[in-house]
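There are structures below to look over.
Two complexes are shown next, each including chain A; its partner changes from chain B in the first to chain C in the second.
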Partner chain A sequence: MANAHDTGHQGGHDREGNYGHISVRTYWVVFGALMALMVLTVAAWYTQKHFVHLPEIVAVGIAVSIAIAKTTLIIYFFMHVKVSSKLTQIFAVSAFVWLMILFVIVMGDYMARGWPPAKGPLSQVPVPISAAL
Partner chain B sequence: MSTTALINHYATNRATTASAWLKSWLLTVDHKRIAILYLISINVFFLLGGLAASIVRLELVTPQGDLMSADMYNRMFTLHGVIMVFFFLIPGIPSVLGNFLIPLMIGARDLAFPKLNLLSWYLYMGGGLFALCAAVFGGVDTGWTFYTPFSTSYSNSNVVLTIAGAFVMGFSSILTGLNFIITIHKMRAPGLTWFRLPLFIWAHYATSLIQILATPVVAIALLLVLVERVWHIGVFDPAIGGDPVLYQHLFWFYSHPAVYIMILPAMGVISELIATFSRRRIFGYEFVAFSSIAIAILGFLVWGHHMYVSSQSVYSGLVFGFITMLVAIPSAIKVFNWTATLYKGSISYRTPMLYALGFIGLFIIGGLTGIFLSVVAVDIHVTDTYFVVAHFHYVMVGGTMMAYLGGIHYWWPKMTGRMYNEAWGTISALVVFVGFNLTFFPQFIMGYLGMPRRYHVYPQEFQIYHVMSTAGSTILGIGFVIPLVYLLLSLRYGRLAGDDPWDAPGLEWRTSSPPPTFNFETQPIVTEEAYAFQPEAAHL
Partner chain C sequence: MATTPHEHGHNPALLHHFDTPGQQKEAATLGMWAFLVTEIMLFGGIFMAYMVYRWAYPAIWAAAAPHLNTPLATVNTVVLLVSSLTVALSVHAAEAGNKRQLVLLLLVTILLGVTFLGIKFTEYGEKFAHCAGYASPVAWATGGERLAEPECLVPGANFLFPVEALAAEGGVTAAVATAAARPGMKTPHQLFFFLYFCATGLHAIHMIVGITVMSVIAWMASRNRFSPAYFTPVEIGGLYWHLIDIIWVFLFPLFYLV
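Take a look at the complex of A and B:
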C-alpha cells in the first residue's frame, strides 16, 4: 500500500513527502493577505470601541474567525501543508479535529450545568435534623 | 549466527578507554542502545517508586499515624504516583521494548530519527531529574493529579519543580510517538504490508497517536498551573476568577488517554507472547489490530468519568458513562481473541507465557471493575475509595507491569544474547501473581466498605485488609527483586541463546542475538503473514 505510494514519488525530490513547490509570488500574496487580515483585526476592534457596540459573543466571534483565517493561511502555505503528502495533511487536520473534541465536549458540560433546574431528593437543600423531625 | 555478526553487534565494546566507552553509550544513536539506556533508567525509577510504595504500605499497617505525619504521608503517596505514572508506566514499554523492537520487527536499520530518539531519552532524564529534585527538596503533596486550586494557591510543597518534570518528560513522550509513527509508515521492509505487521506494531502505532494528540494538552494545562501559581493569574482558582473544574477537564483529556498509553503497548506485547507460546496466529488478527485504533479514538471521549463528583453537569456525566462502557468493547475483543487463540494451540508454559496468562486474568478483573465505576450511581458510592485504587492497580500493575515483565523475559535473549534461568523465571512469575492479588484484592473490599484513599489514619475495622495488603506487597516486592537478580546473573552465566530461542516467526528473530548495529546483514523481504508458525504454514 504505502510502498507503492513511496516508489511513485521517488527521484524527483530530495525530501520525502515534499511533493511540490510554492512560488515566491504565492508567499508574497499570502503575506499580503496576512497583513490585510491584521488591519481587519484592528479595524474590527476600532469599530467595536468607537461606533457599534456588538454583544461580546459576536465581537469575540469575529476576532476569533479572523485569527483562524490567519492560522489557516500560515499552516497551509508557509508550513507547506499544501504541497505535502495526503498523510501529512491528514495528520495536520486531525490535530484540529481533536482540539474541537476538547472544546465541544467541555463547552457541552458548561452549557448543560443546572439544566433543567435541579430537582429531586439529592438536590434539595439539606434541612437541619431538628427542623425535619 | 556467524562469529562476525557477534563481533559487530551493538553491545560490543569497541572503545578502549573508559571515557570513550561512556561516550559510546551516552552519545549513541542506535535504537537498541537507547532502549538499553531506557531499560536501566526506567528500572531505577521503578525501584524508587516501589520504595515510596513500600513506605506507604508500611505506614498503613496500623490505623494510627505512627511512622510519619499526615503531611509526610501526602508527599509519600504523591512521590509514588508521580514516579510510577510519569516515569515508569507511560514511557515504560514503548521506550524500552518499542524502541528496541520496532525497527527489528519491520526490518529497518533504525528508527526514522535516531538523534531525536536520543533527545527523547535526555528529555526523559531531565524531567526525571526535576522530579527527583522536587522530592529531595521536600516533596510534593498534591497527588499525581495536581488538582487545582490546591496545587496553584494552597500547597506549600514543590509543585513547580514536579510539574516542570512532568512537562519536560511529556516532550520525550511526544517525540517518541512521532518517531514511531513515521518509522512505521515509511520504513517497513519490502512486502511488509499493514496487515502483515505484528500486532505489537499496531499497538504501538495506536499508542503513538495518543501520545502526539493528547500530550500537548496536558503540557498546556500544567503550564497554566505554573502561570497561576507563580504569577497569580486567575485560570483555575475561583478566588481569582478561575474555574477549578476546567483544570480537571484539561487534565483528564490527557490522563484518561494516558491510561491507554500504558495499556495498549502492553496488549501488543501480550499478542506476541500468546501467539508464540500457543504456536498459532492470533485469532481474528484484523479485529485485534483495529481494536487498538478503536481504543485510541474512543479513549478520547470518556475523560469525564473521572469527574462525576466534580460539579460537572449530570448530563455530561451520563454521556461520559455511556461512552466509557463502549470502550470496554474493543478491550473485550482483545481478551476474547487471545482466549480463542489459546484454544487448540500447543501451549507451553514458559515464563513469558505465565506473565501473559496472568495479564489476561488480572486485566479482566481490572476492566470489569472499570465498568462498575463507569456507572454514575455506583461511582458516587466508591469514588475516592480504595475500590478505585484497586481498579487501577489491577489494570496498571496487573496489566502493564505483567506485560512489561513478560516482554522483558521474552526478548531478553534477543537483547542480551543470553538465556535466563527458566526455573527461577517460573518461580518469580508465580510469586508476582500471588503477591499482586494479595496486595490489591483486599482493597476492593475495604474500598467498597468505605475506606477512603489518601488517608493514613483510618477506622480500626479496616486494619485487617490493610495488613493483608501490606503482606501481599512484601511478596510482590520479592517477586520483583528475584528477576532483577537472575536476569543480571544471566548476563554472565546464562547460556547463549542463539538467534531464535523460541522458534518464533517474527523478523526480530531472523538476525543474530544481540543484533548487529544495523540490525540485518541483508535487507529482509517479507512474503508471508505475521505469526506464520510452521505447522500452520505447512497445511496452508
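Take a look at the complex of A and C:
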C-alpha cells in the first residue's frame, strides 16, 4: 500500500512536511524589513497629515500598499509558504482571491448605483417626508 | 491497517491513518490554512464594511480617527511584530530540538501578547472612562478628575461625539449638523467607532485565543512532547499567531493612521 501511495504522488513527497529551508538570519532580515515598513507607514501618515496634503485615495493607497507588503513578507517567510507544498500555497493565495471577489462585487454594485459617494445611496441627504410628498 | 496499535515500533506521534510523519504534518498544515482562509474571510467582512462607509463618509473618518490613541497603537504594532519574530524563531528552535530556547521564546511570545492586550485594555478603558465622565480609567476607579468636555465614543445610546457638543452651542458647519440630524442614526461618527470596536474587539478575542494556544504549546514543550521529528503544534500554532499579526497590520493604518 505504501508503495502504491508513493508512486501515485510523485514529486510532492520528497519535500512533504519539510520546512527546514528558512534560516534564522532570514527571519531577522524579514523582521528588520517589517519594522522599517512600520516606521515608513507612520512617517508617511505624519508627513501627509502635517506637511504635504495628499488626496485621501493616495494616502490610503500608500498605507494599504505598505500593509500588503508586510503581509506578503509575513506569509511568505514567517508562515513558511515559501517552503510549503503547492497545495498549501494555493490555499494561502485563495484567501485573497475570495477577498477580491467580495470587494470587487460589492464595490461594483455600489458604483453602479451612483458613486462617488456624493451621489451614492449612502450619502444622499434625506429629504423630509413632507417635502417628498 | 489490521495491525493492533503499537505492536510495531514507530514514532508515537504518528497517527495510524497517516503513512509518514511528513504526510501527517502536511495534512495538519493544510487543515490550518483552510481554517485561516475562513478567518481572513471573517475579518474580510469587517474590512468590506469599512471600505463602503469610509468611501461614503470620508469627512467623518477624518474627524473621528484623531480621537484614537495613535502612539499607543504604534507601540502595539511593534509589540506584535516582535512577537511574530519570536514565534518564527520558536518554530526554528523546535525544529532544531532546542527545548530550552523553544520554551523561552514561547514564554516571551505570551508575554508580548499579554502586553498587547494590556495596552488595548488601556485604550478601551480610556473610552469607557470618558463615557462615565472621568478623564482617565484611573480617575474613574478612584473617583478622581472629571472630564472637562462631555464625550462618549463608545457606540450606544449615550454616544456623544464632541462636535455635537459644539453643535449644541451653535458654531458648527451645516454639513455636520445635517449629518448629525440624520434619522435613525444619531450621527455617522458612531459608524467609525462601531467598526473600531468590532474590528479591534474581534482581534483582541483572537489574541486571547492565541495566548491560550501558545500557553498550551509552551506547557507541551516543557513536558518534552516535541522533537525535531514532531513539532507540528508549534508550527500550526505559529501560523495562527502570524495571522493575528497580519490582521493588526491592516487594522493599524486603517483606524489609527487615517
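Rule of thumb we're sticking to: the second predicted complex is superposed on the first by the 94 of 133 C-alpha atoms of A that agree within 3 Å, B and C clash if a C-alpha of one lies under 4 Å from a C-alpha of the other, contacts with A are read in each partner's own complex, and residues count from 1 in each chain.
The rule is short, and it goes like this: contacts are C-beta pairs under 8 Å (C-beta built on N, C-alpha and C of every residue); 3 or more make two chains touch, one makes a residue touch a chain.
Nothing here was measured: the structure is a model prediction, and the numbers come from that model.
In the superposition on chain A, A:K70 makes contact with chain C only, not with chain B. Contact with chain B, but none with chain C, is seen for A:D109 once the two complexes are overlaid on the shared chain. By the touch criterion defined above, A:P55 reaches neither chain B nor chain C. By the document's definition of touching, both partners, chain B and chain C, reach A:L87.
Set against each other, chain B and chain C differ in how many residues of chain A they touch, and the higher count belongs to C. By the touch criterion defined above, A:L34 reaches chain C but does not reach chain B.
Touching of chain A by both chain B and chain C, each in its own complex, is seen for residues 1-2, 16, 87, 94-95, 98, 102, 106, 110, 115.
Chain B makes touch with chain A in their complex at residues 185-186, 188, 190, 193-194, 213-214, 217, 245-246, 249-250, 253, 300-301, 304, 311-313, 315-316.
Partner chain B is touched in their complex by these residues of chain A: 1-3, 6, 16, 87, 94-95, 98, 101-102, 105-106, 108-110, 112-115. If you check the complex, the residues on chain A that touch chain C are 1-2, 5, 13, 16-20, 22, 24, 27-28, 30-31, 34-35, 38, 41-42, 45, 56, 60, 63-64, 66-67, 70-71, 74-75, 77-80, 84-85, 87-88, 91-92, 94-96, 98-99, 102-103, 106-107, 110, 115-117, 120, 122-123, 125-126. In the complex of the two chains, the chain C residues touching chain A come out as 19-26, 29-30, 33-34, 36-37, 40-41, 44-45, 47-48, 51-58, 62, 74, 77-78, 81-82, 84-85, 87-89, 91-92, 95, 178, 182-183, 235, 238-239, 242-243, 245-246, 249-250, 252-254, 257.
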